[in-house]
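After this come two complexes, each holding chain A, first together with chain B and then together with chain C.
Up next is the complex of A and B:
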């Protein structure tokens, strides 16, 4: 009887503890001659506009490398959850996958100090390097290391629902600051919420883009190197507050990105701000005003005109490995993924923009407008989040609520944000 | 003692250890080690990557000087009190009514418990819609039926915390079931005797039910306050701690610090959260933890 119980207890112990031990052991090195499986924690899955072309490219790569390399997608449909997973995994000393994407900003730049990330510096050369936008590569190179490849880039202009503008007798986007405020007043007078604004989520996304426009126009492309208490930011904050209080929906304070975008999609707001990936959405294409959306920059609110807000939206990282075969397999796949012909396919299907030069033909008029805008603007600078990092952006969103509600002044608002910037 | 008895005792001891070892290993790995790691990390400068740099109480000084933490601490206190002294009395009241077994009490018991089997995320989404300033049912009611102004429940720092707390504390089913189960064990003879003595229903509840439920009530208050102290999900989903940190809690503050790769500061908040919870729970048990009539009766 005792032996049976002992046997049972041993089995319980083995089944409970053995999986932990196996997990702790991690992945093994590639066996020569055996197929190398690369796991890609991909956000371009499900309803994402890049999912279909990216999956097709992976399938082609796998077919061409059958028996040698196989890329397996580990779907990450929730962007925020994906970012958190990456942070937690790297802090715990575990690579999130063999390949993954991240948003590079002053906060995530800390990952460059991790030995878990592959440094592409040595392998990134020749035609491969030449196909990438040099400025994006420079931005992604920190302390001489290139531990993430710039891939998806974006400009973040203003979207105008021209059907709503037509209702107030305006048939062109404003070219001057006076025309802009006049348009806002006309829309307001007609009972139309002029713009989608929001102070919720971790970055107050839409309003953060508007603020960035105002700041860049008044302070130039190097505005983010100024202290946040600079008069430029105080003025930009006042403009943003005006947009929220006077020219937005009643729920703007505390609203998230879903709500902000939802107002524009439902035709409740005339102006919106977001990146090109939004142009590939099926629900946007289904709106009655889809054909009458104009993508444009804002007029000059200061000395800088013909400017745009931009960012590197997704950098690709890979796990550092001593296994040369696995490292070579990763590089081979990333080279294939970033071939101009493949980037062109993703760009045309999704409307997204990339740091790899390709002769992509925009699939719809919105994507064409994005491409034209990016090509024709003289000044481009990062948005607040990309320039100042997560902590400052969180503070921006939270205190923007207080500022918009009149709890604090513009000067107090900028002082609070300044206190959270890692300089 | 014979050698057979000694060997039997030894194998019995080994057996117990073997059975306990999975739990002990898991407890050590997933609680004891992380706790001491967090405690150590709170005295360092560490961004999750690279070596930790010991800085003494620097993080504690920084956290206590941070206005956001003060708000989080205050909100945690309000959350704990709301759970312990709003949700539990409400649950106790409903439990006492159901203990009288009115018509349909079984159905009502199920209805009250139902929200506890629904995901917090789903409930949060429902309440976010109800609170919506433009299309929410509550504002529709306020404007169209009562002729009042719309209320920005989640966007006004003055009422956002109350709005978030309200949609949590009304779900009393979990504690109602605990109190109902305990109430069912109260001997019926006590009520019969009270009735013979001419005690009213209110007197019976006051002098029999409540004293007999004292132990269970104390446990429920302790559990509810612990839930309040560690609160995170619905607030994070509804407001993200905003607007202007009005609804933030220590859990959200901790999470946001981790999100910004400020792991050592997040660890400091974690340690303070554990300390705060421990002090609060011990205080509650000290204040209300008198003898339990049910235990006395059992003895």
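Up next is the complex of A and C:
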């Protein structure tokens, strides 16, 4: 009997108490002369098109700083889970890693109030600062603090499958609103789903981009400062519903980004909306219509024309530390990562665009079109998610489904989203 | 015999089997869909969501094992799940024994408070557990997962085990006391062995939760040394691109242990649940 009790006690100790004791000693304070290990919670891992060049850059940095600094990637392949983890960690008063990325929007901007984030303001100067796009830096500076570095940026135009347009006798992207709706009607009459819409996921991604196009065109680049119940948003909602109900695939309501993109990849839809990262996909390059995709903006639906929808896609944050050696190591790595030569490598491998100027050569004709579009547009404005934050965007997606199903009116839709905007 | 061939009997049988087959199909369809699509290419999947593969791609399974380092993650999942089950069952059975066999003031209150834990959504534990685990210094270790999995499942395990132990006749213990058994011996020689079905049921629930958990594994680990198979599945997705068919192959692989556990133990699980429900 005593042996059994001893066995039970031993098992509890081995599995519960001993591991706690073994791990309890860990601290992250740098010891002089000892290699500083920096943990980077990175989303650019696994299947991501930026994974390979970023890993190569890290390996080179580690080799050049052997014995002094070592950057270790904590892979975060699931972006939604990554965001959840960051929120949880900061709510718990603990930095999620030494370095991590986040989408800067009004929701995540709240993190700037946390003392956990390093303020780059003092160290961000000279050549380092000069290499960054000034507008992106301004956007990322809140209350005089630069607690996240703008890194990946994007424009979010419309993709046209010109092979499908040619089937209905159209050989150029529409230049006016009338031409646009005429194209939609022709595609519909030919039995072709005109556009890839979706209301699923946490942000109704592709339809959110369409909505942003309509709103910016009608309300100008500062449209997001208006109340969401403004007639501009009501009209933009009605246009978006029309695109979903009349000119999209039957499964658009509730569909996720994978399904929306899948329709375009399968040649089922003629128009699509997404960022430059999608241009580097191998399965897109394998489609028979790849060479005949045109990247362009929408025609003017209001007073604003020649505009583009854009966003800072990823900002880099670092942990605030009193350990000067660790702080210096973090800065040194971020400077290396954002060297124009390194950014060029990532851009060329992935097709993504960055807030750091580089002379990257586009890898394919789609990426070249993205670069030209970004260069030639007069007006640039943020999309809904970047401008209004995650909470409002989540509500936007959920209520867009109800609106598209006819359960609520456009006015009710905008009122419900307005209630979730933290101004 | 006449009754067996009557029209109403045949109609009832047809109706019964139609309803049963409908629900069987509804239950099995997602699994069949997943299995078949795990052998197809992503392009085939995007063109038609459900069809037999043009060519059966075993490569999806090879990629599933290589890309996500599934063998290592499998090992981590096995260690975390089995350790959590052992600790959970030990603690819950000891507590269940006291709550089901001993009479003391506040017994029912303690039982109600602990078992009320089943009503709290797991997401509510995220911040407190993250804070606790990092302060204990066991972040990114299997110990963190073992501790959390064992703890999170205590309410449901205690509910099942306590209910089961209450169904064991008191006369057996009384006889043991006459034979000289003390408190610990009554537990270890009488109640614990007789509670096997209840323990297996509780252990299986704990195992299935631990094996399938994504939220806590994502939150409390950051590297390959402690991550589990459910996180491995996510390696086939990125922010904008998903290798669906390889991911489906990975899902099929990760389902094997929990489905296997149920197949081998389902008789005990059902008897444990029944005993707890009816006699508890």
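The rule is simple: the second predicted complex is superposed on the first by the 398 of 423 C-alpha atoms of A that agree within 3 Å, B and C clash if a C-alpha of one lies under 4 Å from a C-alpha of the other, contacts with A are read in each partner's own complex, and residues count from 1 in each chain.
Please note the rule applied: contacts are C-beta pairs under 8 Å (C-beta built on N, C-alpha and C of every residue); 3 or more make two chains touch, one makes a residue touch a chain.
Keep in mind that what you see is a predicted model, and the values were worked out from it rather than measured.
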item: Partner chain in contact with A:107 - chain B first, chain C second, else both or neither; value: first
item: Partner chain in contact with A:390 - chain B first, chain C second, else both or neither; value: first
item: Touching partner for A:340 - first (chain B), second (chain C), both, neither; value: neither
item: Touched partner set for A:48, first chain B, second chain C, both or neither; value: second
item: Which superposed partner A:401 touches (first chain B, second chain C, both, neither); value: first
item: Touched partner set for A:85, first chain B, second chain C, both or neither; value: second
item: Which of chain B and chain C A:286 touches, first, second, both or neither; value: second
item: Chain A residues touched by each partner, larger count belonging to chain B or chain C; value: C
item: First (chain B), second (chain C), both or neither touched by A:274; value: second
item: Interface residues of chain A shared between complexes with chain B and chain C; value: 5, 12, 16, 20, 84, 88, 91
item: Touching residues on chain B, where the partner in the complex is chain A; value: 11, 15, 18-19, 21-22, 25-26, 29, 47-50, 132-134, 150, 152, 154-157, 160, 239-245, 256, 258-263
item: For the chain C and chain A complex, residues of the former touching the latter; value: 42-43, 45-47, 67-68, 83, 86-87, 90-91, 126-128, 130-131, 134, 136-138, 140-143, 146-147, 150, 184-185, 188-189, 214, 218-219, 222-223, 231, 234-244
item: Partner chain B, residues of chain A touching it in the complex; value: 2, 5-6, 9-10, 12-13, 16-17, 20, 84, 87-88, 90-91, 107-108, 110-111, 113-114, 199-202, 249-256, 389-391, 394, 397-399, 401-402, 405, 407
item: Residue numbers on chain A that touch chain C, as the complex places them; value: 1, 4-5, 8, 11-12, 15-16, 19-20, 22-27, 39, 41, 43, 45-49, 51, 72, 74-75, 77-79, 81, 84-85, 88-89, 91-94, 97, 257-258, 261-263, 265-266, 274-275, 277-278, 281, 283, 286
